[in-house]
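The following pair of complexes shares a single chain, chain A, combined with chain B in the former and chain C in the latter.
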Partner chain A sequence: MVGRAVSDFVFCTGRYESGDWDSAPTVPANLIDSIARYTEIPVGPAGVIVPLSSDAIFEYPLVYLTGHLPFRFTEAERRNVRRLVDRGGMIFLDDHNHDVGGVFHKTAMEEMTRTFAAPIDLPNTHPLYGAFFKFEDGPPTTSHELNGWGDNLVHKHLKAVMRGDRIAVLYSNKDYSSEWNYHPDNKRFSAVDNTRFGVNIIVYALTR
Partner chain B sequence: MPSRAEISSRVENVLRGLSFAALGLLIWLAFDRGRSETVVTARSANIESALADWSRMGISPDRIAVRLDSNPTPRQRDWLAALRGAGSQVSWSGSLSPVAVSVHPVTSPRGGLTILAAASGASPVIVSDDVGPLDTANARNGGASFSAPAATGIISARSGSTVATGLQHSTKPAKPLLVIGSAGWETKFVVTALEEDGWKVDASMRVAPGVSVTQGSSSAIDTSRYSAVIALDATAASRAQDIARYVAAGGGLVIAGPAAISDAFASLRASSPGRPDAPADLTSRAGAITLQSLPILPLSALRGDAIPIERRGSLIVSAARRHVAGRVLQHGYVDTWRWRLGGGEKSADEHREWWTKLVASAAMRGTTTAEASEGKPVDDAPLARLVEALGPAASGSGPGLASRAASISLWWLFIILSLSLLTEWALRRLRGLR
Partner chain C sequence: MTAIERVRRTRLTLAAGAIVVALAWGFAAALAILAALAFADVTSGTSQRDAGWHSVAAIVGGLVVATVLIWRSRRLTSVGRVALWLEEKIPGLHYSLVTAIEYDGVAANRPAIEAAVARHDIGAVTRRAVGRIVLPAIGAALTGLALLYVSPSSALGGAIFRSVTGKLPGAAAAVGNRLEGITVQVIPPAYTGERSTSLDDPASVSALIGSRIVLRGEGRAEGIIARAGATELKVEDARGGWMSGFAVPTRPTALMLRDRSYERIIVLQPRADNPPRIVLTSPERDSTLRAPRLMIRLTATATDDIGLEGAYFEYLVTTGSGEIFSARTITTPVQQFGGARRGPISGALDLASLNLKQGDVVSIRAITQDRNSLSGPGLATSDTRTFRIARAGEYDSVALEAAGPLPVDSSAMSQRMLIMMTEQLVREQKSLTRQQLVKRSTEIGDLEDRVRKRVHEILYEQEAGAAEDEHGAVEQADPHDHSDEPVPAHNRDLLEAYNALWEAVRSLQIAEPQPALPPMRVALKALDRARLANRMYLRGIPPKVIVDLARVRMTGKEKGSGNIRTPVSAADSARARFERRFSDAVELIESDPQRAVRAFTLLQVDALSSNPGFAAAVGEAIEAFRKGRDATLPLIRARRTLSGAPSATPGLPSWSGGP
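Right, the complex of A and B next:
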């Protein structure tokens, strides 16, 4: 780090004690590949997994969280994520169930409300959707929404906890964790790279 | 052996000679001075009434000697200077504490004041406003600096018995800032910190070739638009020429180590950064990161016109210089965002305040106007102004004592003359006595 003029962006997956925090293990590699592919943001070649209760979490201002199972922070985790957000960090939390009736969604909404504030619908005109690639219609639909899995709904909005006009916690029911959970080499089989919205999330976190 | 009459005659001659000498001296003094010298003295306690008395004398006194144990008020000082202008030889003596105060508005949307007090280290400096004391500090290296978010009325600095007073200055609102850097945590958190402080921040953050995330308008860099430009890394090099023109016109520039590496900033930077330096245990300090534990790009060889501002051991961490009409402040800290996120309880506040101070010290000063003192006397450097008006203090054998000595010698001459004439007359009258 010291030898470089600007430190690398390192993708961080947060490990929490409840639930299955590691349910989408190839998402980090896929998003790192996209950042390196589309931008000149210096990015670490591998992501890190950091316990939310550890002070090491403060090395990573963007933390990715996902899972299928009931979601609860411990007191130490809650204290750390609250401090991270208060100091300008951002949490991206994705419902790997794609199910608004599922346990992850219900418990995650409760936990976000308890820790930060009740999430609100993020307008589809929010700068997040133009941070790098343009998404005129808001959050891109995932194949898991279209093929009837989970709650069989296409969610029109993402949700967010705001700090001023900045997204502090971005919450998705669209199951991007399933959508992006494949080896980066397989992007060549897609007509349109579906991780482009992931680039927007990272660029937004790095610039707002 | 001379007779008694011969001895008496010789003594008469000596006394006559002495009388003529004293008389001649007195006549010479009378012709030289035109009139008898008026010497007056006063002390701090009675100077006000003494000044009034001296001014009512019709002809101003020849010599005025004032013994001071506290600084005269500006009115008294001006009065003494006026008497000096009217022909009196004014001298003063006394051991007065040198104190001066200077009040500067902080160039920041939050406002605030920087109060600089110059004083000797003998006693603490107490800074107050019209409401009461603001802060106290011991003067080190001849002075102390104070920061105050706000103050009421006149600012005063007291050290010992001397009080210096200064006016606050109102300043026009600060213009926005422009932050240029690559899309990354440092740029993001610098912008965040400055916005939290109330600055309007325009930003240009490079994401990809030809693609930048912009905030506000970052088109033309000129002094009518920005109070300061903050160049965080080499991505600012593409606008180095515009920035140089802006600084030359009076703009402020904060240049971080990663930006100063670029030769595009060679004409502006205080130094080319040296080899990186970092505390060995940096990575294990998450949760307790401080400014001092951050890695740095030290400023290795300062230009001749650069002034070191901050050091870490033998290494220079920040320095400032003037570039034509503008100011350049270069710092060598790398990734200050780690301090904000990974520091102690107040690290976000400390990070914000540090950046605010950094930017405020380089940013363009708007037009300032001294606030009215509402009739109260303002004296920013009483001792210096006293010396300016009346000259330095008289030493033990100085004018004050000399004037007294001169007045005493006139009396002695008169006494010598009278005694010698009286004795000579008496000797003559007693010449025939057996």
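Right, the complex of A and C next:
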């Protein structure tokens, strides 16, 4: 049987017009490094930055969004992210403020509700937490939560907008953008690689 | 008349009586069977429309009874037995008749026998005997007729039965279909201020969510079952008929009505009160300012399908940097619209009054709400405009306003004019000589070349010496490269326009206007896109880290353990389900039209929210079925809505070896 040609996975950071979409510039490289390190998924060596209002966004199965500032889509961006999700794509939206009272959180929740539906708490037994590495207790805690940054809370759940039983939008209030925002060469100083959960997110997006 | 002639005459009379009796009893039996079956149907709730076999049963029963009676009268074929019957009825004959028949023509005492027979009135005895058996038979036939008349059988209309039983308590189960001729009253929610409407015998009801629906029909309520989806509705007697009231559900639902064996489905199509919309018309774009001194004029327009409550502006001021940000929200007083469907709102914001510092961001948006007091109020927000105060010394704080339209507007207009000129040339081409065609085409080609040169200047005004290939077309940049790094031609729309213009110029200058049109149109669209692309992203370029994949994979430390991957379900399985159900329903049209209509109705209910076009076409088909019209066209439309238009297969190209 002749298989269909499949392109390498390219990590995509979404650029939106409001706020600071580029607040975690080394997260893509770090997650690409983890995908290469732990999996055999063919992966591009560098990520791309794609405007959400561009149709090029549909070429990517996973779009990563982050920021600190008020988060709002333009009409074109809103239309495109809806189409992306309808086509089976997934959005990973991380609050770089890790603060439920923060402006990013409030505006992002509003925008998700307006664009898709109100996000729900994702159960810690969801297949996402076993998509590659096993995370028995749900989403791994970040050092920023434990150090009391932001709202001084350890968030027990991630949130998600579902399409059937598939995660369409994964929303994190745990600030993985800060946790993973370092050069991949520095992983060698860590006892446990804290980007392993990022591998789960990517594998989930590519296989569900 | 001789004795033998009297006997023969009696035999004829008896035979006629026997035939009349047999027919009368057979008739009575048939009528009784019809009436009994009609009563049985009413008791068991079977539809009268399915009672075609009743007549057959009645005819067979009547024939059996008549045949049995005629068979029992078979003795009348014998003259001797008739004579004996007469001797039995008139003992005074002393077997004179029997003797006369046995010794017909040879009896010596014949005159005496004839005289003895003549003394008795045989005819009167016979008539009395016949009357005794004929009258009960005729009475039975009349009784059967009366029974049938008062029965619910449709043979005699059943009107008496319905008129009598309709007034009796508990007799509702015996009337006809109470689900026909119903009226549906739709009462919209009070906040809409709209009047109620009434529909007669509808197949579907479209109403605003929260409206109240009141169904009314003839007859008593007892025995009628109404169910909206899984919810059973109360049905009660009112105004000389039955009625049922309920609120419009939030999802498309099938309203199932049942009266004994009768069933009716009405499609409930809820209409949502759409949330309002608000468009911020001023300020038109985001800005970065060097100093927080600006008076901003704010205008917005709100609209709603039912009615607006009010609207206001909201300013969100974000202060901070790095990991520490704070925000404060300021709102203007609500401007009331009093239920109008459209309302403008305006105001002014003095940035100086917000006490802004360097790096602060003011996000401005307009918010409106409608008057929906049931599921709302519906809120809407406009797009957000941001005004940022630049930091001193920040690398991208050049305080540039968003760029105005590119100076290609005039080129775009010219391009449109050139397309029109080329189209005209193509139309007139057949009437022109070759020389004229070459002259006009070359002229347009020269004009098109001027447009191309102008685009070239814009495209490369900052990139002198950009690479061109030997044909003059610029190499395409890598389509996967969406980064902000400079590329040889940094405006992709202009690049596309430029290449298309090259093609068009080539075709026009060799007097081939027809092939020049497609690239000319491509160039026009690309120029339009470039003209509208007036936003400039001023943020810096993030560092690009390229991972050395080979090195990483050779030094991997953990392997991880992959779990079992489950295949992704079909993206459009709902459509496949609809297609299956649609095909099944189409198959039923020939064999069982009622079940087909029922299947189409339920399909319409399920498709209303996910595929309204398909549901509408199915609704038209149902309406056609109900009115006895041809439903082929709506069914075809439904099929195409579901499966897409048929794709034409192109024929063999001319170079494929065909003639």
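Points worth noting:
Keep in mind that, in the parts below, the second predicted complex is superposed on the first by the 203 of 208 C-alpha atoms of A that agree within 3 Å, B and C clash if a C-alpha of one lies under 4 Å from a C-alpha of the other, contacts with A are read in each partner's own complex, and residues count from 1 in each chain.
Heads up, the rule we're going with is that contacts are C-beta pairs under 8 Å (C-beta built on N, C-alpha and C of every residue); 3 or more make two chains touch, one makes a residue touch a chain.
On a predicted model such as this, the values are computed, not experimentally measured, just so you know.
Of the two partners chain B and chain C, it is C that touches the larger number of chain A residues. Applying the stated contact rule after C-alpha superposition, one finds that A:72 touches chain C and leaves chain B untouched.
Of the two partner chains placed by superposition, chain B and chain C are both touched by A:39.
Looking at the shared chain after the overlay, A:56 reaches both chain B and chain C. Shared-chain residue A:89: touches chain B; no touch with chain C. After overlaying the two complexes on the shared chain, residue contacts for A:208 are found with chain B and with chain C alike. After overlaying the two complexes on the shared chain, residue contacts for A:48 are found with chain C alone; chain B is out of touch. Judged by the touch definition given at the top, the superposed model places A:97 against chain C, while chain B stays out of reach. By the touch criterion defined above, A:22 lies against chain C but remains apart from chain B after alignment on the C-alpha atoms of chain A.
Residue contacts after overlaying the shared chain place A:123 against neither chain B nor chain C. Counting contacts as defined above, chain A residues 38-39, 54, 56, 59, 87-88, 131-132, 203, 207-208 meet chain B in one complex and chain C in the other.
Residues 286, 316, 318, 323, 325, 327, 361, 363, 365, 381, 383-384, 386, 479-484, 535, 537, 539-540, 542-549, 552-553, 555-563, 565-566, 568-569, 571 of chain C touch chain A in their complex.
The part of chain A that touches chain B in the complex is made up of residues 1-3, 5-7, 9, 38-42, 54-56, 58-59, 61, 84, 86-89, 131-132, 203, 205-208. Within the complex, the chain A residues that touch chain C are 10, 15, 17-18, 20, 22, 25-26, 28-29, 32-33, 36-39, 43, 45-46, 48-51, 54, 56, 59, 68-70, 72, 74-75, 87-88, 97, 102-103, 107, 110, 114, 127, 130-134, 149, 164, 178, 183-184, 193, 196, 199, 203, 207-208. Chain contact summary for the complex, chain B toward chain A: residues 182-189, 192, 203, 205-209, 211, 213, 215, 233-234, 257-258, 261, 276-278, 282, 286-288, 295, 297, 334-335, 337-338, 340-342, 347-348.
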